[in-house]
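Labels run A, B, C, D, E and F following the written order; every chain starts at residue 1.
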Amino acid sequence: METLITILVGILVTVAVYLLLSRSLIRIIVGSAVLSHAVHLLLMVMGGLKKGSAPLLDENATSYTDPLPQALILTAIVISFAVTAFLLVLGYRTYKETGLDDSKELRGFTDE
Amino acid sequence: MKTNDVILRTVTKAVVFIILTFGVELFFAGHNSPGGGFIGGLVLSSALVLLFLVHDIETVQQGIPVDFKKVAAVGVIFAVGTGVGAVLFGAAFLTQTFGVFHLPVFGDTELATVVLFEVGVALTVVGTVVTIILSISEDV
Amino acid sequence: MNNIVVLPMVIPLLAGVILIFLRSFVKVQRVLSLLAVIATGVVSISILNAIQSEGILRLDFGGWLPPYGILFVADSFSVLLVLTTAIVSTIILLYAFSTIGATRENMYFYSFVLFLIGGVNGSFLTGDLFNLFVCFEVMLLASYVLITLGGRKVQLVESIKYVVINVLSSWFFLLGIAYLYGSVGTLNMAHLSERIAEVGQGPLLTTISLIFLIVFSLKSGLLLYFWLPGSYSAPPTAIAALFGALLTKVGIYAMFRTFTLIFYHEPSITHTLIGVMAALTMIGGSIGAIAYKDVRQIVTYNVVITIGFILVGLAVSTEVAIMGSIYYLVHDMIIKALLFLLAGTMIYLTGTSRIEEMSGLIRNYPALGWLFFLTTLSLAGIPPLSGFIGKLYVGQGAVEAGSYTLLAIAFLSSMFVLYSLLQIFMNAFWGETIISEDEETPLQNRLLLPCVVLGIGTIALGIGAESIAAYVSDAATTLMNPQIYIDAVMNGNR
Amino acid sequence: MLTILMAILIPFIAAILIPFIYKFIPRINIGWFVLVVPILLFIGLVRYVPSVAAGETYIKTISWIPSAGINFTTYLDGLSLIFGLLITGVGSLVILYSIYYLSDRESLGHFYVYLLLFMGAMLGVVFSDNMMVLYVFWELTSISSFLLIAFWYHRKQSRYGAQKSLLITVTGGLAMLIGFVMLYAMTGTFSIRENIAAIGDFTNHPLFVAALVLVLLGAFTKSAQFPFHIWLPDAMEAPTPVSAYLHSATMVKAGIYLVARFTTIFGGEEVWFYAVSGIGLLTLFWGSLNAIRQTDLKALLAYSTISQLGLVMSLFGLGSVALNAGVSSDSILYTQATFAALFHLINHSTFKGALFMVVGIVDHNVGTRDVRRLGGLMSLMPVTFSIALIGSFSMAGLPPFNGFLSKEMFFEAMLMMRDFDVLSIRSLGTIFPIVAWIASIFTFVYSMIIVFQTFFGEHQPDRLDRKAHEASKGMLIAPSVLAVLVVGIFFFPNIIGNYLLRPAMAAIYPTFLDVDQLTPHISAWHGLKNNMPLLMTIGVVIIGFLLYISLHRWRSLYSVGPMLWNLDTLYNWSLKQMESSSTAITNYYMSGHLRDYLTYIFGFFLFAVGGSLVLLGGFSFDVSNDAPILINEVILVLVMAIAAVCIVFVPSRVTAILLNGVLGYSIALFFVIFRAPDLALTQIVVETVTTALFLLCFYFLPELKREKSVRSSKILNGIIAISAGVLVTVIALSVQGNKLFDSISIYFENAYELTGGKNIVNTILGDFRAFDTMLEVVVLFIAGIGVYTLIKLKARKGERDVED
Amino acid sequence: MNASEIGEFVGALFILLGGIMSVISVYGLLRLPDVYTRSHAATKSSTLAVLLTLLGAFIYFWSTAHFISVRLLLGIVFVFLTAPVAGHLLVRAAYRSNVKLADISGTDDLHDVLHKEEK
Amino acid sequence: MIQMMITIALVLFAIAIGMAVLRIILGPSMPDRVLALDVIGVNLIASIAVISVLMNTKAFLEAILILGILSFIGTIAYSKFIERGVVVERKRDR
């Protein structure tokens, strides 16, 4: 299972990196979203999968899955939500201001 | 073009009610079963999002005349404040305590300061999500 | 219990939130933000002194003992940086009062600055790897907002790059944390160090450490500094100064912390790589600094050079070199703030950032000119200004360790600093005066005063280097002997 | 008695006071106040002469940065006393001269502040025992020189010269600093005296030669030795008193001082001898050769200074042989070279100072320094002429002037090299006197140019800016004093020899116990027997005279072939190239394209992390511990993979985020499968809200366009993406196969007892790691408010921003 | 076979039926020619599928753990409340955004109504 | 036997999800895709329920409800976007 999910993570990373490297702002933002999915899964994998029951003490299980990565992922999810929201708004503000959706044309000023 | 939203609105009334109750329930359930401040807050804000989707901003704001930025700020103050509160009681920053109290109506009830913390979290989540959505929508 | 340790982070955060409610009371906002920052400074001074008498302080949040809970660890290194942050940001705030403009002040400018400071201080103090990530995010989000604050075209365009690259680096950070947690099973830095020391830093751990290297390089601008020139030259002066003084330093701090505390077992790989990167950074920065005729560009590439210079200390990793880096860090926070403020003031006064379009300013603004000259010298590490002692120590360390190439590049890079800033000084301040006295924009004292204070700071820190010597050497000792840190975190029961 | 510390500090204190005095007493020329300082100091130092001559040294330490071994230690011995006297003595004269030279309209306040700064710094250099303090003052002299050269900063040439001098001297200073640091690494002290005391313990250290070379670099740049001499001619843009003071009498001699000082430490090393005397000779030759081609009198003097400094330098080099050979009666002979060097040092200050002042007077009164426009001034400016004559003849090495004495000693020392067998270069040894002799001929020629082309020949009043007349008396005082000294020293050289040079020799050769042997008797006449130096001088005069007569015939040689090569051009060219190529390089890689930057980052990631993984061989897979897989999970993973890959190719943005939503929801399902209920809940809600946000923002954003990138860059992207994915996977698999420790999370399973909560994840979030949660809330909050400000605060069109 | 085992079996059966139903409905989603027809498959039969499954789960829990899950019941109610509305909105959006009918659909009855209104 | 049935159901749901994703990719119109997402949501709900049965736990039942609610909200958002482009209006024009 771990191996399978890890490979999935690899595929997600590949897709995300490809998207990040593209020129369209939207693709870049979607790429960052996919990237966050990937890393959340990875964190999950690192804690071990299906190694016990859900970390709820009511369930009276003998062993529980590692709760710490879950807590970390929760934090990470919220943070990546915040960042994605900001990035999205930034993206459309930039588009409105410059009329460009193409990161290649968004060069800014170098030494003109 | 006028749009006939009667079905949607009717359903929404019920749905929002369910979501809100459920959100509150999730919030309080958090300590012992899945849920908690984050999820509760997120569910509550998703109810608000649904309202905004179905109705328009002004109508909703008439119904809920709150500055959500300030809601969020109050939330943060709560969250940080519980930490500071612990300091005032001479404990380490962010020390949470809990205890089982006997209340007249509810019987033995477990009360924990963490609830205050979670309230902060939930308020911030609601405030922030709604602020973001409102800001974008108002830009149109 | 040392609840005081959390204050450098909580004071700015709380103040920042409270300011949200005071949106329309700009004066109150100013006073409160200033008070908050000053309070942070006062607190950090007392922490610093407490450390000297009691050793490393730590605060376990919620009373959960490490490694289970999160904790703040205050050693001399981190608190020195916290203190400097407070001082520098106080002065930058003073400058911001008169330059940032009512529009931005109404848009929670001070809140964001305070959040930024809170995030920076948190990153300095935290003793937990994941918490470091979160503190980084606090700082970064505040910086994202600050860099866009005002919504000018160039700001938006540059901030897109800044944000995307930082999002990427945060992602690398999480990746690293995931791997590290997967193999070592803990997040507390001291505990990590202890566990890694127990099993040895195998090839896999070394590889993971390189991921952290990438993360912190991105944050600090070590080799991966592409985002830096653009994004530091886009925002208004006060914000740029804040960035120049603080942001990269956090990355540098984190790099020092991780590579002296956790991944110090394979210096032949990690530290060598850091050395190579530092050298390339200095070269790239030097090349960039002389490539342009634009004040902002020159100034930002100077930031790059310094980053490389400071990390020479880490690459060399002798106690003296690390002392040098610490001195240099403190110095650089002050002087970079000054440099950015001066550059911004020049642009404000002349309305251009091209040095060809400025001339003979020294006749119009003598004080500004001499301050700039002083800054130039200080940045080039000319004694007895503050840059010298750090440079000397780094040099000594490099000699001790036999890294002569690094040493040569480091010292040569300071020539490029000198050259590039002299270009500004000689073209903009010397030459025929082209602004007549009627045309000149008056230089208000409230703009000049913060610069003067920082200028005095660099002189004082240079001549009075001995006054912080005890703290610096304590900091270096702690960095060089991870066991001190580990003992304080894992065994001490304070 | 004036303490040495005060001697260093007084100029600085005065420098601080000057602006105030200048402001409040504008009527009296500020120079008079300033003049008091060097005179006082000079008198104070003179009072040390007898005791120092008796072998006394004075040392005093004030701690500055003791933790770094940097202490403010002043040290007065014979060597530093000579320099101290020169600095204050020439300083007094120069300030006196400048009072008349500079008009009141110049910003005198600045001028004298810089000058005092310099004076203090220079005294600091020579009186410091601590190398770091020495370095502090050393750089300060460079800076004050920079400021003085650019005194007329509105002139482009001034700025150019100032920058050049600063760059070269500071670079040298840095090299010297590294040298000092290396010395510190070897001996553990920055004190020069302690280093000297420790000598012998560390001469075999591998760093020894490196330190030597680096220290020499500092000295050579400061003393304008070949090939670093190029800054000195351009430094002549400074007002003439400055040139006389800094760029001939004092600052350039800081390098000499350094060499003299460190001869004691490094002198025993062969490299030292070769470098110092070789470079010295080369400079001597090159400077004198180039002096002749100059038409600007000041430039001519600058080259002559270069050449004279080379002369002194080469003598010090020879003198170091004594140390190399060890203490013996043979080696004591070589110390005479050092003696000659010190003697010439003093002489040079006198005659060159006088000459500079003369040129200043000519420039001041006539309006030009170009020898082609000058001529026949002898009758118009008789006093000036006399001084010039004395100075030039002394420089040319003619009696009865002090230059003759030192030049004779110089020849004598050079002749010694013929018998030189210490370093087994017997055959090369003869080159020394030959080069010295040729250089002296050139020296003679340019000395004649100064005198004859300026004061003899035809007077051309129409080519001059002003009518020529004799200078004011005040202006003549200072050069006259120097001229008198030039003659005086010739007649009473042994006063200097005994009182100044002797203790200096003792300072340089502490191992040679018999000081008297080190100080030969200076005499103008050595008798006919075996008087080779005198013959050489006669030869110089004859050939020099012939060459001067025929100057117009061979001057054109300067414009052929290699003579056109010029280090100045090289310097300018390299600076320009450096700038333009840096612009090109930086513009190339700092393309401003996000994609490029990301490519760099991923490239580095692949290089560093991938490289280390492959090289260190960190991967080892172990799937035995894996959890079982169900078929539906495989299908889901496949679905997700397909959905993910399709995101790349779909042409519509809504489809892209729909697919992203599929991913998000599927991950939520996986969270369920992996027993993470809280995560599943959060993931679902966040995914939905994010989708809503995307849709909200799509209103403002354009539909996706086809990627316009060229195919090759798409392929590159693909390669990067795939390798990044593979790398992440491989490391993750290795980590799983390599679990080193159990997680700390076992502890959290006691959550109920510890915190009263049964949902472990929630107790972690709300209690164990509540701080993370608190900050996370802050992050969210910042993002919320940030979005608000980002949208609400727009720069309105056409409105000028607060700053920009 | 006691009561709880029967309940368990019934639950599982419902779940299995739900699964089959779901696949059929998705098959419809794939095979039907245009969005209007597909919406039938998506909203009607899928809803039935999930209803079956949730019911199955409910019965299963009830019979094995004697646990009446309010959440599951609420879930069923909820899906029934929302799925039709969602389908309705979506199809309306499709029509409004001029998604073509499949060729075999014959006439567009709504077209005249709407356009009459406009006229 | 029961395990078997449940597992088969789980696989069936997964297949259904896979086929729906195919619809998302194929399109052709946007409502088609959203419809497919809706179907996926429904199938996920079912899957979660089945997994809960399989693991015999009550921990995930909240997720069912949440998913139900939110896929509804999502669908509404999409349909409004398709219909009008604006998801949240400032003021309904009526």
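Throughout what follows, a residue touches a chain if its C-beta (ideal position, glycine included) is under 8 Å from a C-beta of that chain, and two chains touch if they have at least 3 such contacts.
Bear in mind the structure is a predicted one, so any value in this text is a computation, not a measurement.
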| item | value |
| --- | --- |
| Intersection of the contact lists for subunit A and subunit F | B, D |
| Distance in touch steps, counted as few as possible, from subunit B out to subunit F | 1 |
| Farthest chain relative to subunit C (centres taken as mean CA coordinates) | E |
| Chain with minimal offset from the mean of all protein Cα atoms | C |
| Chain located farthest away, centre of subunit A as origin (C-alpha) | D |
| E-F against A-C, pair bridged by the larger set of C-beta contacts | E-F |
| Length of the line joining the C-alpha centres of subunit B and subunit D, rounded to whole Å | 64 |
| Whole-Å gap between the CA centroids of subunit C and subunit F | 47 |
| Whole-Å gap between the CA centroids of subunit B and subunit E | 31 |
| Inter-chain centre distance, subunit D versus subunit F - centres from mean C-alpha coordinates, in Å | 70 |
| Residues of subunit C engaged with two or more neighbouring chains | 13, 17, 20, 61-62, 130, 134, 137, 141, 144-145, 148, 151, 153, 160-161, 164, 168, 175, 178-179, 181-182, 187, 230, 291-292 |
| Residue numbers of subunit D (touch at least two other chains) | 583, 587, 590, 592, 594, 598, 633, 673, 675, 677-678, 680-682, 685-686, 688-689, 692-693, 696-700, 728, 732, 735-736, 743-744, 748, 758-759, 765, 767, 769-773, 776, 778-787, 790-792, 794 |
| Per-residue multi-chain contacts in subunit F, two or more chains | 10-11, 13, 15, 30, 34, 55, 59-60, 62-63, 65-66, 69-73, 76-78, 80, 82-83, 86-88 |
| Pairs of chains found to touch, sorted by chain label | A-B, A-C, A-D, A-F, B-C, B-D, B-E, B-F, C-D, D-F, E-F |
| Subunit D-facing residues of subunit F, complex | 7, 10-11, 13-15, 17-18, 21, 24-25, 27, 30, 33-34, 37, 40-41, 44, 47-48, 51, 55, 59-60, 62-63, 66-67, 70-71, 73-74, 77-78, 80-82, 85-88 |
| Touch list for subunit A against partner subunit D, complex | 1-15, 17-28, 30, 33-34, 37-38, 40-42, 44-58, 64-68, 70-71, 73-75, 77-79, 81-86, 88-93, 95-97, 101-104, 106-108, 110-111 |
| Touching residues (chain side subunit C, partner subunit A) in the complex | 130, 134, 137, 141, 144-145, 148, 151, 153-154, 156-161, 163-164, 167-168, 170-171, 174-175, 177-179, 181-182, 187, 230, 234, 291-294, 297 |
| Interface residues, subunit B side, partner subunit E - complex | 1, 7-8, 11, 14-15, 18, 22 |
| Residue ranges of subunit D in contact with subunit F within the complex | 630-633, 635-636, 638-639, 642-643, 646, 650, 652, 654-655, 658-659, 661-662, 665-666, 668-669, 672-673, 675, 677, 680-681, 684-685, 687-688, 691-692, 695-696, 698-699 |
